[in-house]
Structures are given as structure tokens and as C-alpha cells.
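Following this message is one structure expressed as C-alpha cells.
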Amino acid sequence: MAEGKPPKVICVYNKKRIGYIGDRVLVAIKGQKKKGILVGLKQIQNVKVPKFDSNNVVLIDDNGTPLGTRIHVPIPTILRTILKERTHAKGADYTKLLSIATKFV
Amino acid sequence: MALVIRKPTFDILSAAKWMIRKDCRALSSLVEKTEETEKRPVGRRARFQNPALEYRHIFPEFLPDPNPKWRNSLREKMERADMLKRRSQIDIPEFYVGSVLAVTISDPHAQGKTNRFVGICIERKGCGLRAEFTLRNVVDHQGVEIRYDLYDPTIQSIQVLRLEKRLDDKLFYLRDALPEYSTFPFDMDPEILPEGTPVPVNTVQVKLKPRPWLERWERQELKGVANIEEHLKEKDRIRRELRKTPWEKYDLMKEYRKTIPVEDQTEIWGEVHNQLNQLRLSRKKMFKKRPISTPKPQLG
Amino acid sequence: MNQAQVTKLVSKLRIKVAPEPRRLRNPKGPEGRLNKLRKTVTGLIKFERIELNFNRADEARQYAERLISEAIAHGDCHKPTMEIADYWLLEKELIHKLFKVLVPRYENCNTAFTKMYRAPRPLYSRNIEKAVLELRGNPYPSLINKQYSNRQLIQNVLLDAAKYDYRQAKYAEMADKIGKTENQQLNNLTKKDEITPENKEEQIPLST
Amino acid sequence: MATFNMKILCTTLSKLSVNRVTIRRNAYYKPPKYRPPHWFMPKERVMSEDMLTQENRDFIEEIKQDKLNSQLALESPLAHVDQHTVQWTPFTRRVGLIARKIGNYPLWSKDGKKFQTTLLQVVDNHVIKYIPPEEFNPMRTKKICWKEKRTLGCLLVGSETVDPSTVTKDYCGIFNSVGMLPKRHLFRFMVSPNSALPTGTPLFATHFRVGDYVDVRAKTIDRGFQGVMKRWGFSGMPASHGVTKTHRRPGNIGAGGEKARVWPGTKMPGHMGNRWRILRGVKILRINTKHNILWMLGVGIPGETGAVCYLYDTVLPLKKLKIAPPFPTHPASNDLPLEYYDESIHPFEEQTIMFDEV
């Protein structure tokens, strides 16, 4: 969120339309629509799952490659299994995001 | 003549009867009196001086939920037995809200299958096997909070890096405070207090960020916050006065319904404290040789 | 499952306490409820026997018991207790009565400090249930006449007789049990004589 | 002469007035078939203030204690009957248990997941009486299919011995005739004839095994008169945006035209709870043999803490018993291990769970 208005989540790609950790979302950022993955939420989480002071999202394109090169915030370790389950052979590969993550909490 | 004789004998008889009844009553009352002294319970004040009652600060989760609808002595006994079994496997140290802890858990999702987190304990709630505590830390300028179950079998170790208390019993205002008050380095070495010193109370007054806040901190009587008044507007002060409930301090039954009475507590601690002592002594023997380092003056 | 409070120590009440408090609805809300109960507790401590509505009596009884137990537990030089007593007793001389009269009276009492009876209801009327609330050991004559030690009641007489028979049957039973064990020892003694006549002496002192 | 006799006959006949007894025989009227079971006796007794002296009261306590000890010393009649004469088949219906819900707390599985469990304590259950199928004709209700039930006998089980002086005399009579102290709860279990038990056999928690599935029947928590949102889960109306005077109300309750009436069974506010409900297929995670406690998976068991519930073998086809359980019941034995754990549960005395590298 370098400059301008903070990104705004327009749609959550799941049945209940409520975003949880690891969900794919459509984000309106600087006048464009981008896809992203929720990596940290202010929402109350289960036991042993970290909760953050701000909602964090990593922008990705359609086949799962992150647009940026560095992730500033720590990533919850539970994301590794969630994203692994979500990646199917033919579909987008979400685990690329994990490779550029610096710190796991 | 006969009449005359009969009358005195009658008097003597009734007098004798009266004497006998009086004696036996005296005797019996004597007997009762001696019985009563032994039976007389310990005075009420003495019941409050029982040393085992101090355990309630160290192990608050052993006291059951005071709601009478859920109270059942057998279920509580089974729960306490399970808690002691779990405590025999892992050392759950004495810690309070405000002490800095390092928790290592075996995490199936992480690479090395273990996950270590350091943070200040901002909340400790729940009772029995549901007891849980929350650690908060700022990592790479991002506040992170993690909730742990005290009796979760995946917890490998809980280590107290700095044992201290704060002025409040919930530190939720750290979320709105400046980040320096909840940043703790992951490689912080533990500060061992010399044996038998009382738990220090850290009287730091935290500075809050400007509004908007997560909660209306001015309405909760918080002692550990410095600059609440400067962020308040006039309408907040007026609303604070409206919401005040000065009578709840004197509501004896509300306080009674939130606490476990002394008699139940002495029963609980009587059943539990010798096992807890043995666990403590066995742990102390293992850590005899650690060097005692004086606590470094650290911010926050 | 929330955690019990550990800051204060409270002694157990010996009366039945309902899980939820009664609201005693009034225009001032919870503060008005406590003001209402303060008047009742003051009246109870002052007159030692009062008659009022059942709901209000039951709530006031809990608060009176708690007040007396706090006074007994902490005594009169404990500042918070004095504040509580000052709040709950509107007439200030009753505080002296609480600490100088009631505390020594109930110091070693292990039953409830107050007693409550349902007042008799007038028959053909729809009015509210009344109750009589009194402190234990008050100077007034007792409201109920309990004939406990009345041996002449028919049930006591019959029970005494039954007790006598029951005891006799028990003793008879014990007697023939001892008899049986004795002749058991006798016949295994006779058995032992044929086998080992010489160690007879040790056995005899043992069996007598 | 004949006419004279005729006259006498007519007068006597006219005096014989037959009053017409009308029996309502119209088609749709059927006399109600509900009646309480034949062992039903009024139980509660009005406690009168009988002014006994202290010695007499102690004497009565002593007698109660003696009777209780004698009943505890009673040796289970199952010990003589050896177990293997009767063969268990998947179609035989075993006796169930009467348990009391004493609370719930979590257990953890071997892979670190937390399960909320409910604790049910089987308080001293004893078989009171067995009624063979031919004598047993229970109250017929349309719901139960009767063809199969005709072959089932009825086994009376009682739990929680109660103080005889607080119960009416003829309720005690049911138990005295069988030589037992009166019980607080008395319940019937429809069992197949070959799983009949002699009277006085104690039933323990080991009647079920760890990992079995069980149906629990109990009364739900009495929530009193509740509105539509809590009782039926309606979503109600928004709290603002100009909504006036209707936020939690049901809204429309019917359609127009010939359907312009309220259909029977329309969901409306009313008394909620305090109804008999069955929760089927509840798994048993752990059994404590000393206090006879069962840990059931999940918190959905109806009833508040301290409520009584009845446990049966499950009737769900996939979770039915396949291998032979302790049939007709587990005999009383004191060399059992203290705790039985399901293989998925992590006992607390074991080491901390470690996940090894995959």
C-alpha cells in the first residue's frame, strides 16, 4: 500500500462471500481490478492461527504468480497447507507466493 | 396420720425427681458443652488465612466456572485429574498478564515441524482444560497476536522470558498503543529472578495512538494508560459520566456469583496442591545449575 | 466457560442462591434495585424481624447474609468492608450494631444468619405472597413451635419400640455369628489335634 | 280367564321400562388408547413435618444405611449364568443405559485437533424386571411400526437409588417386590427376548465399548416462550433503514386465494424446548470404569447439565454394531483397566505430540 487510497476488496471467491485466510479475492487498487490472496486478517482466528493488526493481501495474477517480488508482512504457516490444497494440477499454482515469503509466524 | 406421712414423702419424692432431672440435665448439658467445644468449627477469619489459597493467583484455571448451571463436582474432579496428568508431561510455568513468554509448538504446517513465537501475554481466560492465553508481538512493523490453549498436547514448551505483572488484568489497549510497547526480540534471553522474590509489578504508563481506537478505553478504569485525556473530546467525557456504574462496586451478590467461595477453594486446593508442589520441586531440581542474570532495564 | 475471579475471597452462603438475580423492576434500573435492597437490609438489621413481599425478602436476605459474612471475615478495621457497610446501612448507628452485636453473635455459627418463612396468605384474594424475614437469635418469641424432644408423640413412641426390636435382632444376630465362629474354631482345633499334638499350647492362648 | 291373564301380562310389561342407553357408535369416534404403562405409580410424596426426636431420626438413617449396604453387597446374578449360551446377531436389540449428563470439556486427537466432548455418568443402573413379549402390550401409537415390535420384550431399568422415605409407598412397592431399594428414574427398554437379564443385575458403562456409536434420547433444554428467530431460525427484519416496529417478527404467514388461511404446522412463536429428542450416531471416545463415565463426541446431546438421558445402540445402518458387543451385558468385574481410550484420542499422560518430517 505504497501510495494513494488503500486497496478495497470487491468480491471474495467463495460460497459465503466472507473472506477467511487463504481466500482468493478481487481487489480494487489504484483504479484497476486485481486478484489477490488474503494472508493476514484482523478477524478472530482459531487457536494457534495468528491474527494481525491490519488485513493483508498479496496481489497475484490469474495463474497464481505474485505481481510483486517481496512480502513485507510475516505469513501464517497454516497458509502453506491451505494453498497446497487449493492448487490443482491444471489450475493456478498458489504456492509460488510462499516461495517469496520472508518470515513465517 | 397416713395422710400426713404421705404428704412429706410426696414432697421428698418430687424434690428427688427434680434433683435427678436437674443433675442429668446438668450432666447432659455438661457433656454437650464439652462436645460443643471440640465440634466448634475454626473461626471464620482463620479460614481466610489458609496458605493454599495463594495458589489461586498462580493456577487460576483450576477454579471451575462459578456458573451454578454447569457446576458438577465429579466432572471438575475428572478435569483436574486430566490437567495434572498433562502438567506432569510439560512444565506450565507461573506467568501473569504482562509477562513475556516464548511458546514452542509442534506445527504440522511449518517446515521444521515446530514453531516458536515470543510475545507479551495480554490476556488469560477460560478455566479447566479450556484455559487459553494470547501472546502479542510486533514482527516487521506488523502487530501479530496468537491464541494458545494452555493444555494443548501439541505445545512443546512454555518459557517465561520476563516474569512480571502490569497494573491492569487485560492489556488489550496495547493494540492501540505505540508499537514500541509490544515489540519483543525473538532471541531475547530469559531474565531469571532470584529465588523467592515477589513478582515485580511493571508500572509503565503506555502512550496511545490518536483516535479512532478499537474500544472506548476512556470508559474502562485503565491504570496502565498515560495519555487518554488528551485524545478525548468534550462529548466523550460527558458520555463517560453517563455510562458510569458506581453502584456495582457495592453489589455483593454480583461479586459472589463471579467467585468460588473459600470453602470450595480450600477443598480444591487441598486435593491438588501436593501434586502441584511435587511437580514444582522436580522441575526446580532440573534447573538448579542455571546462572542468575540480573534483569536488564528494558522499555515496555 | 469464563474464569472465576481471584481478586477477592468470599465465604460460602448457607442459603439457596438462585443462578440469576431478580431484577425488582423500578424506574431507576439496577441502581434503583440496590437502593430498594439497602432500605430492606437496613430495616432487617434494625428491627431483626420484618414482613414484606417474598421476592424482595429473598433478595434482601442474600445481601444481608453477604454483609454479615463480610463483617465477620474482615472485622471493622478493614477499609473496603467499612465502605460496604456504610453503603448498605442507611442509619449509621446500625454499623456499630453490625460489628459489635451481630458479629460476636454469629462468629461461630455454621448455619445461615437469617431465617425466612412464608407468611400465611388470606384466602379469597389475589395479593402477592408475603414472607417474614428475621435474624437468627433475635429477642422475639419464636414463630413456629417445634416439638422436637416430645417423646410422647405417637410416632416417637412407635419408633422407640421399633428401635428396641431392631437392636435386639441385631444383637441376636451378632451373638449367633460369634457362636458360629467359635464352633468353627473348635472343630478345626479338633482337626489339628490329630495332626500335630505337640504345638497345642500356642493355639489355646490364641483362641481364648 | 285368558283375557284376564293377558291384561296382567300387559300391565307387568308396561312397568318394565327399558331406558334407552345410547352408546356413541358413530364411525369416526375411537376411544383413546393412551394409558400409562402398567408399572406407573405416583412417585412424589408430600413431605409432611413429622416431629421426630433426634435419636429416632438417627435410627431411621441407620436403617437406610443398612439396607443400602445390603443392596451394594448383593452379588450380580450374572456371575452364575455363563455368557456364551446366548448368541448375538446384528438383529438382536440389546438393553440400553440411563445416564446423567455431567458437563463437557475438550479432548485432543493424536493429530492435534481439539474435540469438544460431553461427559455422561451411568449412575448405578439395575435391571428391575423383564416382561416377555406376549405379556407386554405397550401403548400403540401410529408412529412405531408394530409388526416388528410385537416380538420385543420390555426390560425395566432403574438408576440412582433414592431415599425410600421421600417416595410414595406404592412406588416403593415396585422395587420391594423385586428386593431392591427405590430408584429415582425408572425406564423401559424394548429388547429382543434372548437379551433378557435377570432382575438385580447391575449395568455399567462398559456395556458399550470405546469407538461404538450410540443414540442418545433426552429432553431438550426448556427455553420457555421464544420468538420465531430463536425458535425457527428466521432472519427477521433489518434494524434500521426505515423499518418500523418489526425487527424480530415472522412477517408473512400465508398466501392468497384458496390458500388464504394459516396452514397447520406454520412456524410461529411458542414454547421452545423441553421436548424428547433423539441424537443418533454419537461416538464414544473414552470410558472411565471406576466412576462409569462415558465421553461422547460433540456437545449436541440434548438436555442441560444434570439432565437424564437414555443410551441405545445406534440404528444408523453405516454405524451399526458389526462385531459382537459384550452380550447381554458386561459382567461386574473389578480387574478392568481404569480408562479405555479410542485409538484416535491422545491420552493426557502421554508425551507431547510430535509431527515428524514427511
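First chain written, first letter: the chains are A, B, C and D, and each begins at residue 1.
Note that in this section a residue touches a chain if its C-beta (ideal position, glycine included) is under 8 Å from a C-beta of that chain, and two chains touch if they have at least 3 such contacts.
Worth saying up front: this structure is predicted, and the values here are computed from it rather than measured.
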Of C-D and B-C, whichever chain pair has more C-beta contact pairs: B-C
Between chain D and chain C, distance of the C-alpha-averaged centres to the nearest whole Å: 35
Where chain B and chain C are represented by their mean Cα positions, the distance between them in whole Å: 29
For chain A paired with chain B, centre-to-centre distance based on mean C-alpha positions, whole Å: 40
Distance between the centres, which are taken as Cα means, of chain D and chain A, whole angstrom: 52
Numbers and ranges of chain A residues touching at least 2 other chains: 47
Per-residue overlap in chain B, given as positions that touch at least 2 other chains: 69-70, 107-108, 128, 130, 149, 152, 154
Touching pairs among all chains present in the structure: A-B, B-C, B-D, C-D
Chain C residues within the chain B interface of the complex: 1-6, 8-13, 17, 19, 21, 30-31, 34, 59, 62-63, 66-67, 69-70, 72-73, 75, 83-84, 87-88, 107-108, 110
Residues of chain B that touch chain C when the two form their complex: 40-41, 43-45, 47-48, 53, 56-57, 60-61, 63-70, 124-128, 130-131, 245, 247-248, 250-265
Chain B to chain D touching residues, read off their complex: 69-72, 74-76, 78-79, 82-83, 85-86, 88-90, 106-108, 113, 128-130, 149, 151-156
Complex contacts: residues of chain D adjacent to chain C: 50-56, 59-60, 63
Of all residues in chain B, those that touch chain A in their complex: 105, 107-111, 115, 117, 132, 139-149, 152, 154, 175
